[in-house]
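Only one structure is covered here, and it is reproduced in the block below.
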Amino acid sequence: MAKSDKALVWGLFAAGGTVTAFVTPVLVVLTLLPALGVLPDVLTYDSLRAFADATLGRLAIVAIVVLSLWHAAHRLRITLHDFGVRADYAVAVVVYVAAAVGSLAAGWYALAL
Amino acid sequence: MTVKPYVRAVPRYTWFLAHSRYLRYITREVTCVFIGAYAFLMLVGLKRLAEGREAWEAFVQALASPASLVFHVAVLAFALYHTTSWFNVTPKAMPIQLGDGFVPGRVIVGAHYAIWIVLSLAVLILAGVF
Amino acid sequence: MSQRLVELEVLRFNPETDAEPTFQRYAVECPEEWVVLDALNHIKETVDPTLSYRWSCHMAVCGSCGMMINGEPKLSCKSFLRDYEGVIRVEPLAHFPIQRDLVTVIDDFVTKLKRVKPYLVAGEARPVEAGEYRQTPAQLKTYKQYTLCINCMLCYAACPEYGLEPKFIGPAAISLAHRYNLDSRDAGREARQQEIAATEGVWECSFVGACSEVCPEHVDPAGALQQVKIKSTLDWFREHLMPWRRT
Amino acid sequence: MNSSPNRRTPTGSGVNYRNAEVERILETLHADVAILGAGGAGLRAAIALAQESPALRIALVSKVYPMRSHTCAAEGGAAGVIKGDDSLEHHFNDTVGGGDWLCDQDAVDYLVREAPRELIQLEHWGCPWSREPDGSVAVRPFGGMKKQRTWFAADKSGFHILHTLFQTSLQFPSIERYDEYYATDLIVDDGRCRGFTAIEMRSGQMKCFLARAVIIASGGAGRMFPFTTNGAIKTGDGMALAYRAGVPLKDMEFVQYHPTGLPNTGTLLTEACRGEGGVLLNRHGRRFLQDYGMGPETPLGKAVLKTMELGPRDRVSQAFWHDQRKGNMVGTQWGDCMLLDMRHLGEKKIDERLPLVRDMAISYLGVDPVTDPVPVRPVVHYMMGGIDTDIRAATPLPGLFAAGECACVSINGANRLGSNSLTELLVFGRRAALSALEFLDSSPAAGNAGVLAARAGEAQARLRELFGRSGETETVAGLRRELTTTMEEHAGIYRSGEGLAEACATLADLRRRYRSVTLHDKTNVYNTDLLQALELGCMLDCAEAVTASALARRESRGAHQRLDFTERDDANFLRHSLACYRGDEAPAIDYRDVVITRSPPGVRDYSGEQK
């Protein structure tokens, strides 16, 4: 048998899983605050721009978005299989294309900043 | 003579109801929907940021809506579930051997939690929440 | 010795006479300290000699007495009556075809085990006269846990992904391949990767973790499979993105 | 054709042994060598055959999947000289003395010489032996051994040996496995063994294995006794098959009791418990072995080789018996026990060296050896006797070889030393393979088709008859219970002429009644009722050989202790007993001299003083 290329998507999934485990909760808290009437400093246009203008900051944003997408995409594929959706190939195409488009978009916006 | 063994089919759509550990598993898997949704929100935010001050401020305005609150609470709950389920199994995926023994799993898991808490607090402080 | 009336509900199936399995109830007096296997033996001796199941060692090492006990994959020689209340439901291991009563067909596992080459592949031939390989206690420790598998297949009965996709090589076989991969004396990893890094290999595993929860020998197959995934991923990146480092 | 690098292959399967006449009666499977039993000995033989002569067709037939074989239960380890302070001579002397000089010394020589090779070979196949800090294999002390020479893999040595062999065997395409086939009869024609019949358990169909040589490696027969460390499969089938085919069973009266079994289940706590420093206490907390010729007391936690707790098994079990008579044992709900105290070893050492022991004591008995002494009592463990073989692992029946616990090459004599058996499986498993190869080379003749077909037909007919029986009242479980209680009562640690005579009579009666045993289950697929009935028949035959040999041996030696003949009698009994099958009659007992090359019978001294 041949080795599978799933290693590629799994690698992204695993990296994404780790990143999201560490950062998603705190990011969610940040973006939740406005709904409670609190606007943290970082969410003001000027400070976020300043953060994103630093190369490292910009890379961090893109990395978090991209890896979150791949993590979610791959796990969604498995989850759909677990829920009885057996069209694995079609599912894979849809979720990975979505993740790829999202990743490209993230890169594009980051460049456009 | 052929005497056929009996094959029990696994119920395709409901198997995960059969055992609590499967329910725990499927819940963990479902977190991806929320992680994905939040990734999409971040993507939109990034777009708004790129579009300029007004677009961004409208975005932040939208974050203040009740719908946003509901969304965020749900995402937070599943994200936390994802975090714990991810950290708790790290020693399995990445055992660390020191000489004749392995670093106890609790230590590896504990280190993850410690880093996570410090990191989250740092983000909150730098973000100007406190 | 305190006795107790134990009620067992056992799945019966005889391919020659039954279209499908049915449950049969037995009530027997058993000493409190007995295991479920003792109760079955007692039933077979005194009530129903037609009941069929596998067992031999009665010490959790031969791996033959796996059954579903109250829905949980268990070694019946290590399932104590004192841990159960009410009627105890005994079924053959899930995900395997039923040959007869509690006896399952395990050909699938046996073929898969062979496929993953679970034996030492030496780098260079070593004559016996050269004496033993040196292997420090630390090197032994690296893989020791994965040698403890008794091939009881409880993990297969617990793994839903195996139930859903029977082609999956499954937890025990992959753990045994991993065991040899980690052995300092072995040089056969690449050959084993052809099987275990294939789609039907480790990639069917979605890390449910049930395998490790039920494993009576604490082999932790779930851990082994994740480690195989990580290593296979590193391999993939090395082979595809860094062709100059491919070895 | 000849693909073997190191061996000519005239034995290859160019020969055509298809046998149309047999095939008309039974589905027939052909092989060059058929091996009955896939435990340690059977697997080792199969691998040796496959390596020596890759073109051979090897049929490996077993009533359980190989990894279920009872070799997996062995805990302590396998003896082989490896360390600098040891010598083959020491191993030889320990073994011969441990066996009370009933060992054939040429066979012991072969064993001790080949042992290190075999154990290293196993290491090369991946066996996870425990190690010294410098990476060399570790050895531990064992009962009756003067030096530390027992290789071990924690306390799952047999398990690791079996799985290493099984997994190694998977790489040889020429080993064809027939798992869950129950062998019922040897096929003998023209004074040669030609194969055997076996029931395919999943279909219930009988098949005929025709082979040019047969190796029996079917393990022991401890299940004749009610309280044993042996698994359910150890019912002496291979012994009975050979015996019925005219091969004598040798030294069957020597049944080993292991001193330390859990009192309720019989589960073994390995001798390594004592090797690592555990001690045996009586009710008064006294290390009572010193009162029975194994003293003086050694320092606590420092096991001293060949004395006190590291005395040989027969002596330790006998000391228990005597001290029990004096009322010094601890009464428990499962009968009198002594206490195995390991507390002073500490949790760390126990977890590292004896994890299985701790686990089993806790789960089956509810006693944690780290905090409490464990009640234990002697339990039937091992058959020193078995199918008569010579030093080449050949039986007197041409074409039939035997190895492992089912065989008696006579390295164990009157009492096996712990950890010699696993070594024996390897050494003589391989030896049986080599001898079978030589036999193939020398005698290619095929059997007489008509006779073979008749034999196969008879086996089939016997099975049909058993199936067809109805209306009788004898049950498998009932007869089995009578068998085991008889054995326990009269063929235990101490025996008497009176008791043995009674046992012989009872067994003759049981064998007669067995002829009317009736099956409840008349279906084909995985019929365990049928299999247990066949196993019972084997146990009855073996048991009769045990009691008849024991009755005839009017002396006390090793594991055979007579209350009416308390001394060893070299003048009359420095001989192997041979029980020969005589159908419905009791076996005839014959004798053969022991092979003595250089160690004349001496005194077994296990007092620590001489050293």
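Note that the chains are named A, B, C and D in the order they appear, and that numbering of residues resets to 1 at the start of each chain.
Methods note: a contact is a pair of C-beta atoms (placed from the backbone, for glycine too) under 8 Å apart; a residue touches a chain by one contact, two chains touch by 3 or more.
Since the structure is predicted, the reported quantities are computational estimates derived from the model, not experimental observations.
Taking the definition of touch as given, a chain qualifies here only if it contacts subunit A and subunit B alike; those chains are C.
Located most centrally within the structure is C, per distance between chain CA means and the overall CA mean. Of the two chain pairs considered here, B-C and A-C, the higher C-beta contact count falls to B-C. The distance from the centre of subunit B to the centre of subunit C, each centre being the mean of the chain's C-alpha atoms, comes to 30 Å. Subunit C has its Cα centroid 37 Å from the Cα centroid of subunit A. Remark: subunit B and subunit D have CA centroids separated by 56 Å (rounded to whole angstrom). Between subunit C and subunit D the centroid-to-centroid distance comes to 27 Å (mean Cα coordinates, whole Å). Shared contact sites, meaning residues of subunit C that touch two or more other chains, fall at 15-16, 99, 105, 137, 160, 164, 206, 229-230.
Shared contact sites, meaning residues of subunit B that touch two or more other chains, fall at 3, 12, 16, 29. For subunit A, the set of residues touching two or more other chains reads 78, 82. Contacts between chains, counted with the stated touch criterion, involve the pairs A-B, A-C, B-C, B-D, C-D.
Those residues of subunit C lying in contact with subunit A across their complex are 160, 164, 193-195, 197-201, 203, 206, 229-230, 232-233, 235-237, 240.
Within the complex formed with subunit A, the subunit B residues making contact are 12-13, 16, 26, 29-33, 35-36, 38-43, 45-47, 49-50, 53, 56-57, 60, 63-66, 68-69, 72-73, 75-76, 79-80, 82-83, 86-87, 115-116, 119-120, 123-124, 126-129. Against subunit B, in their complex, subunit C makes its touches with residues 13, 15-16, 20-21, 71, 94-95, 97-99, 104-105, 137-138, 141-142, 160, 163-164, 206-210, 212-213, 220, 222-223, 226-227, 229-230. Listing the residues of subunit A that touch subunit B in their complex gives 17-18, 20-43, 45, 47-49, 52, 61, 64-65, 68-69, 71-73, 75-76, 78-79, 82-84, 102, 105-106, 109-110, 112-113. On subunit D, the positions that touch subunit C within their shared complex are 64-65, 67-70, 72-73, 117, 120-121, 123-126, 128-137, 156, 159-160, 163, 167-168, 170-171, 179, 202, 231-233, 264-265, 267-268, 333, 356, 360, 363, 366, 475-477, 519-521, 523-529, 532.
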